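Same chain, two partners: subunit A is paired with subunit B first, then with subunit C.
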Partner chain A sequence: MAKADFQVPELKEYAEIPEIKPGVMAHSKPFKSKPDFQEALGFPGELVEDWQKKAINKMGDLLGRYRSLRVYMDACVKCGACTDKCHYYLGTHDPKNMPVARQDLLRKVYRRYFTLAGRLFPDLVGATDLTEDVLGDWYNYYHQCSQCRRCSVFCPYGIDTAEISMAAREIMDSIGVGQKYCNEIIGKVYKIGNNLGLPGPALADTLEGLEEDVFDETGVEVKYPLDQEGVDILLITPSADFFAEPHVDGLIGYGKVFHEAGVSWTLSSYASEAANFGMFIGSYDNMRRVSMRIREAAIKLGVKRIVFGECGHAWRVAYSFLNTLVGPWDFLDPRYPVPQHICEFTYDLIQQGKLRLDKSRNDDMVLTYHDSCNVARASRMGDKPGGQFDIPRAIIRASCNHFYDMDEETIRDRTFCCGGGGGLLTDDLMEVRVKGAQPRVEALNHVIQEKGVTHMAAICAICKSQFTKVLPYYGMDMGQIVSVHQLVSNALILTGQETEEEEAVEAAA
Partner chain B sequence: MSLISNFYAYLFYFATFVLLGGLALKVWQYARTPAPLKIPTTPAPTTGSGVVLRMTREVVLFESLFRGNKWTWIFSWMFHFGLLLVTLRHLRYFIDPVPVPLQMIQPFGIYGGMAMVVGLGGLWVRRFFVDRVRYISSRSDHLILGLLVAIGLSGLTMRFVVHTDIIRLKEFFAGLYNFEIVTLPADPVLLLHLLLVATLMIIFPYSKLLHMPGLFFSPTRNQVDNPREQRHIAPWAKRLEQE
Partner chain C sequence: MPIEVNGKAFETDEEGYLANINDWEPGVAEVMSKEDDLELTDEHWDIINFLREYYEEYQIAPAVRVLTKAVGKKMGKDKGNSKYLYGLFPYGPAKQACRYAGLPKPTGCV
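Let's turn to the complex of A and B:
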């Protein structure tokens, strides 16, 4: 078990709604961004002088630009339906992690400066001035929200706390109070092309290594091309896929699928990142700037289609925003949606019977599937609502014999966040990450106990990294989290590949 | 014509002005503010008619709340449905002659009044006894519930205990349409009922009662899930492209 200097939550047999414990997470906050990181993104380096005034002005600006913020500031009736829906509340018991209370941190300032009731009777409606303490609370608690949107599913008005924490982070950035993790990473994308800061030659090296590995394993020459012009498909995938386990097994899987489909494809060293942390900090500008690299790469490489690898928030930006941010995509092949998810691609091939999948090759695993929040609640796959739930499951079922879903209350659009989304996947937030994972790990534990599940598949780089890190705190093994395309990769028998059975038969003959 | 009638006449002119003007301003403000990105909570409908259906389920059945919390849903639905019946029943004070459908629902309006008060009671109890809900309640949340309960109880009192002269009440409101001030029956319960109602009308556009127009403008609920097919660019975002 991993060592913790905080109390790791217990896994209960039945999910419980905890009593509130005010202030227990008041100490939790991420490292502040340094001036260099801030300025690279167009934000002031440190706290500006008349920050109160600037913050209020920024709030006014955002209220005029985002209907979501405008309406959600007014509409909440404090019905409490969301109070027990956030994994951070369930895991930490801090009432400021209840979605409505998190919103109220911003709302009480909104009421004070932008509503008649708050100007005239602040005490009556819970309005307060923007003080240093309030700013402190903003920084701490808006970085205990993974923007997973679970709260918005249950709110009678669909109030989405993610929208509010994005706005809060943008206000803070605009007065020079940024978060190191997100802002440093976005800087790396601008400079080098991806979150991890892997330069082109390193990528080429890695991909060459993968080609060798796959050849050794299968005897088939599967290519993992980089910066190849004039091919059909540009694959955009999270940079974690280039080296970390279990991510890279997924990348191996995509390559094999493309190979079997007989399409030509390439990665780009310029747009070598699917992730877009511009969304986490609520910055349209930065989100657009990061996305623009994909457009530029697609034009330069002259591809016909764009396919995204396994990454949750990246798929949200890709599916829901990309066309708006940097479209139109009229120079691509109109027969395919832009962009496509690798799962949509693989699923289509399975439907057409083009993939030879030997399920028994995954018989050493009993699987369950974790719906990643951004895929589940902020995007779609295929052409029917809910395809984002059914398509990955169909792929898993086609690739393995033993699959069980977790409790219905914790999957599909009610899925629990892994605890590391929304720009929280950093060691300085370990406590909130471990505690926030509790509801998901509890549901996982149930299927482990009851169905003998051994592994959980996911299609998100952040989920995979987060679980690799936090499962050990709960006495589980970091290897229990796998990529969906890792399962495909295991089961897929490539054309011309000699399987062990066939080899055995030949040897016997 | 008395001082009281004058006071109530001007009060209702004022309250109506604030209610309609305030709501119109708010709705205009919501409508004018762009939603720059597609953010429906998925799975979401992929067509406009699908969205109409989704919104209808939210408005009529409170679908999301039903998934979120059954107790709150029961009390809330009792309250709102009761409120709807009461409102329909009340239309007879303002319309002459009273259309047949309105005449027919009159008795249900009374049950509506009771349901409304019981529902409000349940919602209020939650604010005291559920620690999470207590934590998020501010004084205004209690006051609004108190106000609505008081309106309901004063109304029910008139219905069951001390009746008022409905014909003259009706004449009073008919008079207001023509800017004439007719004498209002000076029953204390009626005066209380009307005073509270005017207060409700005045605070409506400045309070969380904005959830009513707000629901219709919520992008997570009213957007069509078709971002790959259609660009959804806001005017301010379009300007970024021209730079």
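Let's turn to the complex of A and C:
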């Protein structure tokens, strides 16, 4: 594990609202995007000459296009309800990480150029010019927001800081100031098909390995097909599912579930990514271009359904935007949701009694569940309100004997972000990631102490990677974060699979 | 920030990964590991060499499971897991072993 060159927050018995420490995170900023990465996305390579004017024009363009943004700029009454709701404020103590202060970084410039009072009497209404310092603050503090929308749950006006932070990043990209992590990755999706840059042959090799592993483990030939035409289901999953742990254990689980359901399915090497970082940078054009690959793959492969794997923000894009982005999906089978979440798929099978789950196979773990922000606050699952909270929990309960929820204040729609969402899952932001994880890890620590919880399950690739990295900073083990479908995979007894007990009985006979 | 290996300068990116994989020579891994206070043993070199071979074929670092499986096959099942890899490379196989091998850093949600 990397040694921390910053103070790792202490986990307390009760959540505390910290005293402010102004400027304590002013130094934190991600690496800037190189000209190559910028241009591949249709942005200027570096800071343009008349950047102030262009940035203001872009802000005007966004205000005209998104009525919501103008409302968010105008509506805040400084009531303070949001101030102690952001995990980055709670973890860093920097007052600019209070949602209202983060919004004000954009709002003060909005007032200066787009309101009468701000144009005439800037000092009276907290309006300021767009200076180099302000731009610097934008870059640093809009990259200390994971766009998790927890603050908006508590705002009496419903002001959505995520949308403000997306707008700020879009304005910065438009003048040539981009973030390396997000923009390099989006370029890889265009060039290769996924965030990791896994080419088709590497995918095929990885999937072949999984088939061998599952066969060795179960004696059943479960397939993990790639680019197969004419099948029922196209699975769109984060590329981390191919590459990292514990993600891959989830992917193994999806394959087993499809196998038991008796449906034909495939992955696509062209659309081998569920993630859509176009949303993180607030760029409609890039979000659409990334999504378009899914449509193209679905048409080319001739599938009838699309199912999404465990990826938080991908599910927001899929559930909330996919139809308007790249629809209509009239070529898919209308009897199924477009798209469907793998948790919905598995839950349906459990309801129908089609999965034989032996919960005792997860008895080495006591579980809790981390609601991922984009699933919790920006989407839904199933056909009932709150399905996005209840369905993953129902799957865990069907697969495990021991499950306890964390404190109510920190789950469901009030869930704390993992600290690495919104395009912050990069090593150059490790300090803000570790500190931002504190509220979540504190709640986890509680159920570890009180209930003997050993593992936390999640349905988001970013959450899984983030916890793998940050838990060790808090003295916990990287293996304590697991995939929900990893639990299903452990518990699921495949048709034709000989269990150890049955083998023992046969051997005795 | 370039690193110096046997009197030659090698260009690296902000995070210390080699800018051009074709520049790589074993001395690069030696110099990088010395900076991390890590002594490279044959076990380390097995991993580094496998990473380079895999990259040559597939243009990407191997998935963790592909790597652990290959290690397990070659060095015994007890070593075919991430724990063994983290034991060799405490900063993680992707961050440390890929860097020593001259491979670009794996990007994305990993």
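In this section, the second predicted complex is superposed on the first by the 507 of 509 C-alpha atoms of A that agree within 3 Å, B and C clash if a C-alpha of one lies under 4 Å from a C-alpha of the other, contacts with A are read in each partner's own complex, and residues count from 1 in each chain.
Just so it is clear, contacts are C-beta pairs under 8 Å (C-beta built on N, C-alpha and C of every residue); 3 or more make two chains touch, one makes a residue touch a chain.
Not measured: the values here are computed from a predicted model.
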Partners on subunit A (subunit B, subunit C) - clash or fit: fit
Contacts of A:R70 with subunit B and subunit C, given as first, second, both or neither: first
First, second, both or neither for A:N195, with subunit B first and subunit C second: second
Which of subunit B and subunit C A:A461 touches, first, second, both or neither: second
Which of subunit B and subunit C A:E184 touches, first, second, both or neither: second
Partner chain in contact with A:F6 - subunit B first, subunit C second, else both or neither: neither
A:Q388 touches, of subunit B and subunit C: first, second, both or neither? first
Partner chain in contact with A:D123 - subunit B first, subunit C second, else both or neither: first
Partner chain(s) touched by A:L425 [first = subunit B, second = subunit C, both, neither]: second
Closest Cα approach, subunit C to subunit B, once both complexes are overlaid on chain A (Å): 23
Touching both subunit B and subunit C, residues of subunit A: none
Complex contact set, residues of subunit B against subunit A: 26, 29-30, 33-39, 41-46, 58, 62, 64-65, 67-69, 72, 76, 123, 126, 130-133, 135-141, 143, 203, 206-208, 210-211, 214-215, 217-221, 225, 227-234, 236-237, 240
In the complex, subunit A residues that touch subunit B: 17, 19-20, 22, 63-68, 70-72, 74-85, 95, 98, 100-101, 104, 115-117, 121, 123-126, 149, 152-160, 163, 284-285, 288, 319-321, 323-324, 327-328, 337-339, 376-380, 383-386, 388-389, 413
Touching residues on subunit C, where the partner in the complex is subunit A: 14-15, 57-60, 62-66, 69, 82, 90-91, 95, 106-110
In the complex with subunit C, residue positions of subunit A that touch it: 1-2, 31, 180-181, 184-185, 188, 194-199, 201-202, 205-206, 209-210, 213, 238-240, 242-245, 247-248, 275, 311, 425, 427-428, 461-462, 464-465
